[in-house]
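To keep things simple, chains are lettered A, B and C as they appear, and every chain counts its residues starting from 1.
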Amino acid sequence: MQVAVEGLRFGYPDEGFVLDVPGFTVPSGRCVAWTGPSGCGKTTLLRLVAGLLVPDHGSVSLDGRAIQAWSEARRRELRIRDIGLVFQDFALLEYLDLRDNVLLPYRLHGCLRLDAAAAERADALLERLGLADKRHRRPEALSQGERQRLAVCRALVTGPRLVLADEPTGNLDPDNREKVLGLLVEEVRRHGATLVVVTHDQTRVDRFDEVRDVESLRRRPEAAGRTG
Amino acid sequence: MTTMTTLARTLVLVSLGLAPLAGCHDEPHAAEGRAGGRLVVYTDQYPLEYIAERIGGDHVEVHFPMTEDGDPAFWNPGDDVVRRYQEADLVLRNGAGYAAWIDKVTLAPSKVVDCSKGFAADLIVIKNAVTHQHGPEGKHSHSGTAFTTWLDPSQAITMAEAVHAAILARRPEARADLDRGLEGLRRDLAGLEARLVAAVQQAPDRPLLASHPVYQYLARRLGLHLESVHWEPGEVPSEEEWSRFEALLGRHPAKGMLWEDTPLPVVAERLRGLGVTPEVYDPCARKPATGDFMTRMQADAAALERLYRP
Amino acid sequence: MKDALHLALRYLAHYRGRSLVLVLSLALLLFVPIGLRLLISRSAEALSARAAASPLLVGAKGSSVDLVLRALYFEGRAPEPIPWSEVERVQDSGHALAIPLHVRFRAGRLPLVGTTLDYFGFRGLEVARGGQLIRLGDCVLGARAADRLGLGPGDAVVTSPETVFDVAGVYPLELRVRGVLAPSGGPDDEAVFCAIETAWVVEGIGHGHEDLATSPTGVLKREGDTITGNASVQEFRRITPDNIDSFHFHGDRAGFPVTAVLAVPPDARASALLQGRYQGPDEARQIVVPAKVLDELLSTVFTVEGFVTLALGLVGLATLLTAALVFVLSLRLRARELATMRDIGASPARIRMLLLCEVGYLVLGAATIAALLLALTGGLLDGLLRRTLFG
């Protein structure tokens, strides 16, 4: 899935923060990393691309469709069908076993059917990410690295065409960072999806097709002030 | 009243003599069904059986089920017989303390009619019974009441009226027949009474004896000068009893003596030797071998006529 | 919906301790007022049905409640007795069938009800085993009385005094069990019935003993026709075919005691006429419509119940608010979880549905437990109100 941003402007007025992005494109099937220091707007940009935030100005296009004009419901359906999300804090449901956690998207939206094929996909992912033995355990039984691998399984189970990962290795030790990031990239490539990983960790960027400093994507505040 | 069952309602209405109201429910009384619509009546002696049959005719089925020998006044029926009384539509009891067994069995009071109630105030109390005392309750007496009430034809008529009222309450649709039955009976009893009165009028002051104290009401009605002994028809009195009898004759010079049943020939002969003519005056508490209550009473009247012939 | 139910169930199962506390407190919240309500209304229904099926009661002047409770439910304080002549007064009025009730003693710890066969006919009580009362000294048992005493036809049950202190006059009489009645679902099931004459024997008005006139040893003194018995004269404790003839009653039957007369008029007019007869200023008896007396009694009960329900309602409201607070607080703790669901693509409606399912499960669980409690305790509580009220 191709991601294209054009003339995007989004602000948190209370915090005096404005994100101003003139434009960029992530071609379909590419694995890119967006880096930059904390507070530079990486996560905000990612959420704008995911349709979780709506820009004040400009457009976010996925495969050429500008999603900012879509209804909330349509964007939800887009997310559940086509976008896989990975969060820094894993965002697992402690009361579900591993398999149920992976299959969670199927239980949250009517457009997906939790059928045998879905279950098979979940089992295959758990297998590949080394969690098959614990599929009936709960997340509390997992190490930090395993938890994030589980989150990756959940993001990939619906076969998304775009995977957005927000600091996926931020809570992991160096060993696990390496492993999880490797697996993430590998799985996304296997699916032929587009991957955008937001990270402030510059050390593991060689795995990506492209690494962009978010600062470089932004228009400077004074320039923004001039145009705005 | 809405919660009252039909059966209970029928029970109430019948007990109050309001049977026509009960009749609007097509629920025959259990006993009625058994008797094919006839009122099942039980009595505690024969005269009431006769009276109920005379009055009720085809509307009633009357039973006095005593089969054992003996006096119905002292009968003690078995459980099966008591159950038949319980299942009857109507139990006619003589009252006046007759057949005390009825007081010791359980019958529904609404079904039981005391036929002596009409002259309850005039009952004769037997005075010479033993009074005794034990415990803190004070004196009491096992005194009895004279119970051969029907020998006074006037009282028999009152009893017949009570029977008539009891049947009428339960079979109001048969009023015409019941009235006719009562009228006929009343006429017969009145005729009997007239015959008895006329007989005694021949010699109203003539002293008379009785073998047993069962003629109290007859004596009262007719003004008889009657003294009683306690002799049984089937027994020969002891010499001591004979001498007491002769002493009695001395102050009560009777020429005739009433017997409940025929005395033994030897007794009858000795009585005649003393100038006393024995005559059977059967109270007819049980159905006679031949005839019925009325023919028996007429025979008794004839016996009295013989004793009072001038 | 299925998915929401699945997630809700998983959530509640995982936090089972908390869920259990919520379910139990909700269950109690449901059970206590409903149970109380049910208990009262069921008892009230049973009481009312009995009262409605008992048209009129005649008894001594005094508490009409005592009269009704004693005559209809064989419970509570016994009213002053009235003489048998009152039974005849009702019957002779022609306005009602008069059924006497003598409810003073107990047999085998159960109420002993002396009455006549009309009572069984009126109440529609059928003999299920054995036979009906036949003779003095017989009794028939209510269905539950037979179970509780473990007795049947042919057995015997001994009467006991009104109170343990009532040692003076009354001596125990052994009653012969003639039969057992079919269950009727009312107080009759738990009573022992005998003929009223038998009750009088228990009371000491009637008795049997050896014939003093012929007794060689039993005579204390003899004065003319009066014989005084001494302490060796044995009163019979059991009525048998051999001694039944010696049983006799002292005094005039018209004065023998009766607790109440159940008067059954055939229609409203007769009922009004009969009631009219008891309105005189010098009238020593009262006639009551049990349904009315009971309505008054129950209205008091219902007033009290109203207060109790109000109090329970307030407690319930507090509990409910606490439960709601617990739930809302748990939502705060679950903010991240719910945000994740939203991010992944769950609509707010879907999330509300999920939470509703959780609440639904809790309520369902609570209702099930409450229903189970009601079913379990229903049998035990049956009659509790009656005992509490009249005991």
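Here are a few things to note about the model shown:
To be clear about the criterion, contacts are C-beta pairs under 8 Å (C-beta built on N, C-alpha and C of every residue); 3 or more make two chains touch, one makes a residue touch a chain.
Computed from a predicted structure; not experimentally measured.
Set against the C-alpha centre of chain B, every other chain centre is closer than that of A.
Of all chains shown, C has the CA centroid lying nearest to the centroid of every protein CA atom.
For the pair chain A and chain B, the distance between C-alpha centroids works out to 116 Å.
Computed from the mean C-alpha positions, the centre of chain A lies at a distance of 73 Å from the centre of chain C. Chain centres here are Cα means. That of chain B falls 46 Å from that of chain C. The touching residues of chain C, counted against chain B in their complex, run 49, 52-53, 55, 87, 91, 94-98, 116-118, 121-124, 131-136, 138, 195, 197, 204, 209, 212-213, 218, 220, 225-230, 233, 244-245, 247-251, 264-268, 270-271.
Residues of chain B that touch chain C in their complex: 1-5, 7-9, 11-13, 15-18, 21, 76, 79, 82-83, 86, 103-110, 128-135, 137, 139-142. On the chain A side of its complex with chain C, the touching residues are 50, 52, 73, 76-77, 79-80, 85, 87, 89, 91, 93-96, 100, 104-109, 114, 138.
Within the complex, the chain C residues that touch chain A are 3-4, 6-7, 10-11, 13-15, 336-337, 339-341, 343-347, 350.
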